[in-house]
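Structures follow.
Note that chain A is present in both complexes that follow, paired respectively with chain B and with chain C.
== the complex of A and B ==
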């Protein structure tokens, strides 16, 4: 863990070393870009096997349906790199959708800001509890998961009311296409760039890695641990809220059942992307590869047709297991060499 | 319980109260909620009401017992809900060979999944949360592939198992109670029990003192999978139907909640069996109370969230 405070630095070291330890470099490449390579292989296999797979239309479908998961996964990547976990994002996503649809009757701004404010505030509170009391993030956000599901039920009349979006501008935000891709996809791209810069090029990002690598060391180095942790959960909550709101705009309604259990898909995508759950290592490129990989698997299974969508779960689970086992083996190999 | 001797009197004042709450808070809460219901809820003391509550809570109790063992080793088992679904699917698949075969097949499947997760944790060194997350996703999918839709059946043996009573107590509840005693015995009186607590307390020290750490871990996850399968079989027997899409959904959260509220620390090294059962009862009783007083489901979940936070906050001091 100590060698990978930030992914980019170590690979640069390996390259500078004369002669370069090839095995180490390959191992490093696999660990950090494994998901990207598996994604590439899967896409090639899919393109060869199915005529209708490698079409622009299908690619657009995959990207559009993955974009909501991607937005949530950006926040989760920050949380996991900091050594935490956020189980509340699925509930947050659903709550935000209901709030956005409900708020849309008061105009575009309310529809967007209400879910962002509520989910951001709950993320902030969770961050404060985690950072100040030292309670396990797993438990704090589990409570958040339950609490927000309760809140969502309370807002939607125990799940009986489905609010319809009553604002055309807000619906357009989820449905309009620009250059063949919907607005949420472009927002996702923007957020990935922003998140990448934040994580790799700012002192805040370095602090996130430092806390995940060793919290005690971070404290000794003078990293404002409490503040960074709070901000990380704030980011995660806000992004889950944004994704939920955009999803409501796409569907033109606040659906109360979709998104439950989403936290597990998001964590799976982040872990497949090479971010270690122990914290301190990982990045957004991998996470996006993980998200797309899940989307491509889903699409391939749809192509096969005769298989039910349950197979997607089996394959996702197998991929997740495979990736973490690979990570462990590579980790051991690196320590031995 | 026995592992850490807490002497509240010696501490006195606020610290004493906190220590007392840590030890007995869950019992006191169950008692307080019972008293509240006796006084304020009409028809609460009728036997049928108690039976319903106990029958409903039995699968949660059984799953939570396994979860308590896993958490005692500083692990977590997210796969229990999916294992319930798989066990249910196995019952349907093998019912043609008779109920005993079907039940054994379901239990073997649960134990195998548990052991698989345990092997990932113990031998490969994957974090428990990721290893069992992969199983949560994959095993639920597998159950759905095996039994794609809700399948009903009628089998006299399973009806007996799920719905018959002995001496006025439902068989399901008797099984849950028996398993509680068994797991309590395992934790307190067997080598495995001592070893799992040691492994959870300090894995490195356990390894250095020659404990079979890996074998202990695999066994503990195996037991968790087995117990989840038992819960799945019982739930399926009661419903006389298998629905792998919904059976056991989010059970992992209920089980973790019961264990944590019951006072077993997530940091491992301690297992409170009776506390876990009380934790499950507390959540069940709370839901029943809110429903009986016409408060909506949304309240239950929000109150549950507060109880979890309060329980873990109270348990925080124990680490020091």
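== the complex of A and C ==
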């Protein structure tokens, strides 16, 4: 085809409504970088208000304690962009910690690979069920949550046995600092980079967006929907397992209570980061901003002192509500324009 | 004769209770633009779904280039070069134009990751050939419908489609966008790409299609070159009438004329507009009168009824009941004013199948039957009893579930619901579709009775006979505007078809 058909300049859409394009850009900016902007403002306000807030030590604390949430949130971002949800990650995280501590008596490799394999396998099974049967991810992963919680209780003897990490090399993995940051932080950074490339620059990543945006269209466009969905849940399960194992290394024990209910914090961080719960839009930069924002809020509340840390959840909840309302408004504005 | 690009031979496809396609044959040649037309339930969409691998035919064969083929799923058909462009489900609205266009075929860098610069450049290059100059990084949903459709078309062609099926492609487009689309279609045809074009806009069909196949009740009613087929004949074929053989047989139960009181209109719609469905539609119904709304599928009949009932937001126009303006876009206000809609798809928009006959009838009237929010059971029973007897609803008891009733009785339950609200005007959208012959006659007789009692009735029907015999006047719609109004002796099947088929010269 060589002829150009005249008169179809669709930027006319924008010309008809002066300011339409600008509004679209602002909407785009808020959607993708809103969390980052709020994070920056919060940090500045915190630094002005509290002397002990903007110290390298505090910054490192926030980053170190956020890194485990961050690793799980990477997987969750994939799942949510694909239009799904993974409620099993909190249970997965705890189970992985117990398995890692238990496995550490057999050496570093077992301590790392046992939780990865078990959590990855459960993620895979969940993915297969979701993708093959078309059952709601909410229900499938809720079953996973309950099942893995039970499994963890069974392994730890109803929580009576606390396995201590019996391998120095494994403990070192969670505790050694390189350039002032612990190994898990560096692993997180590496995974974010890897995940970013996977999501933005590969067919797999584009397929994840396409499925979340419109599964029906994705099928028609030739996307291998089943395979992509299975891989997405596999990633989420494996990363939750890895995070749980690293956490056990940091604490030198498989703690059976820490991390239960973590799935909700993870989902909150992802959504605050601008990823739509309906799927099809979002990204890892936003998710990381969301994770850090939750960490900064926690730290600020600790600084205030008079408030107990329970208030962190109140503030996080308020943020989440705000973000969801904002997204609704942005969505409507884009519809109208 | 050269081999057909795509051919269907003796295709039959049934669903529980209906035979959607009955021995249908269809032939598409290279570079042909083939119109596929027919009214609701004619089997168009089933045929398309068979051609594109969504359904497997019960009988018959598909041939592509003379070779028998079977498609297990839409993807297999697409791989074989058959692309369908549906209204909106083809692409992912949140993704950018470029990603949509090139998904699965993204240009790579040497490292194997997607090359964004190349991706955008390539997308821009492709879209320019389709006359689209826009920022290809913008999410698809922020672009106009015309652009979106063009992206779908460009994608289909770029994945080596030999056959493109377009389902009502122009229904959401501006006239200028339609021109662009037709330019592209003309171009595609010179490349030997064949198109199946589904539309009800006669002007468009005659502008770009070579051949036409008319489906009616799951069978091929006609197939042949389009330019030799007069418009009136095409309309007649679509509506299931042989223009040469129309006789007034009086097969319906309508008694004909009603004595219309000489007073003013009971309900009056003035210049209802809603882009792109309705343009300046005005209709009046006087007490005791049955006014028919005629036209092809997609002409705006249901939309007009919904707009009058407040169930469809409009851009402009007013509705007056007994001279009083009704608040726009409020079904509750319309019901209070005495306007009641009995929608076309009674299963989806009408009855609540899990509720009893009694509850279904009382549903809309509850506000009138309750005092400060408390419903009086005795009053409900009385009303339900009255209407069940008056409309001769056959149910084991008022407590039987509506889902267990026959189609005709379900329709009567809906009529009873409207009457229970104290309706003065009934808007009936295809009231006799899908119900058996006996029940049909009963419903028709009932409509007559209600009009005789002084109600105003707006009757939508694709059954021309029903329209001609039931209505005192017929307002004919075409492409969302009033194409003409017929009354008295003018109300004949020929006149209605001629009005539908007339070229839109008088339109603005």
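Assume the second predicted complex is superposed on the first by the 317 of 337 C-alpha atoms of A that agree within 3 Å, B and C clash if a C-alpha of one lies under 4 Å from a C-alpha of the other, contacts with A are read in each partner's own complex, and residues count from 1 in each chain.
The working rule: a residue touches a chain if its C-beta (ideal position, glycine included) is under 8 Å from a C-beta of that chain, and two chains touch if they have at least 3 such contacts.
What you see is a predicted model; the values in this text were computed from it and never measured.
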Partner chain(s) touched by A:293 [first = chain B, second = chain C, both, neither]: neither
Which of chain B and chain C A:153 touches, first, second, both or neither: first
Touched partner set for A:221, first chain B, second chain C, both or neither: second
Partner chain(s) touched by A:142 [first = chain B, second = chain C, both, neither]: first
Partner chain in contact with A:271 - chain B first, chain C second, else both or neither: first
Partner chain in contact with A:213 - chain B first, chain C second, else both or neither: second
Which of chain B and chain C A:119 touches, first, second, both or neither: neither
For the chain B and chain A complex, residues of the former touching the latter: 76, 78, 120, 124-127, 129-131, 133-142, 144-145, 148, 250, 253, 256-257, 260, 266, 296-302, 304-306, 308-309, 312-313, 316
Contact set on chain C toward chain A in their complex: 74-75, 78-79, 84, 89-95, 99, 103-104, 106, 113-114, 116, 128-135, 138, 141-144, 146-147, 150, 155, 159, 176-177, 179-180, 183-184, 187-188, 191
Complex contact set, residues of chain A against chain B: 85, 129, 133-136, 138-140, 142-147, 149-154, 158, 261, 264, 267-268, 271, 277-278, 308, 310-318, 320-321, 324-325, 328-329, 332
Complex contacts: residues of chain A adjacent to chain C: 1-11, 13, 24, 197, 200-203, 206-207, 209-210, 212-214, 216-223, 276, 280-281, 334, 337
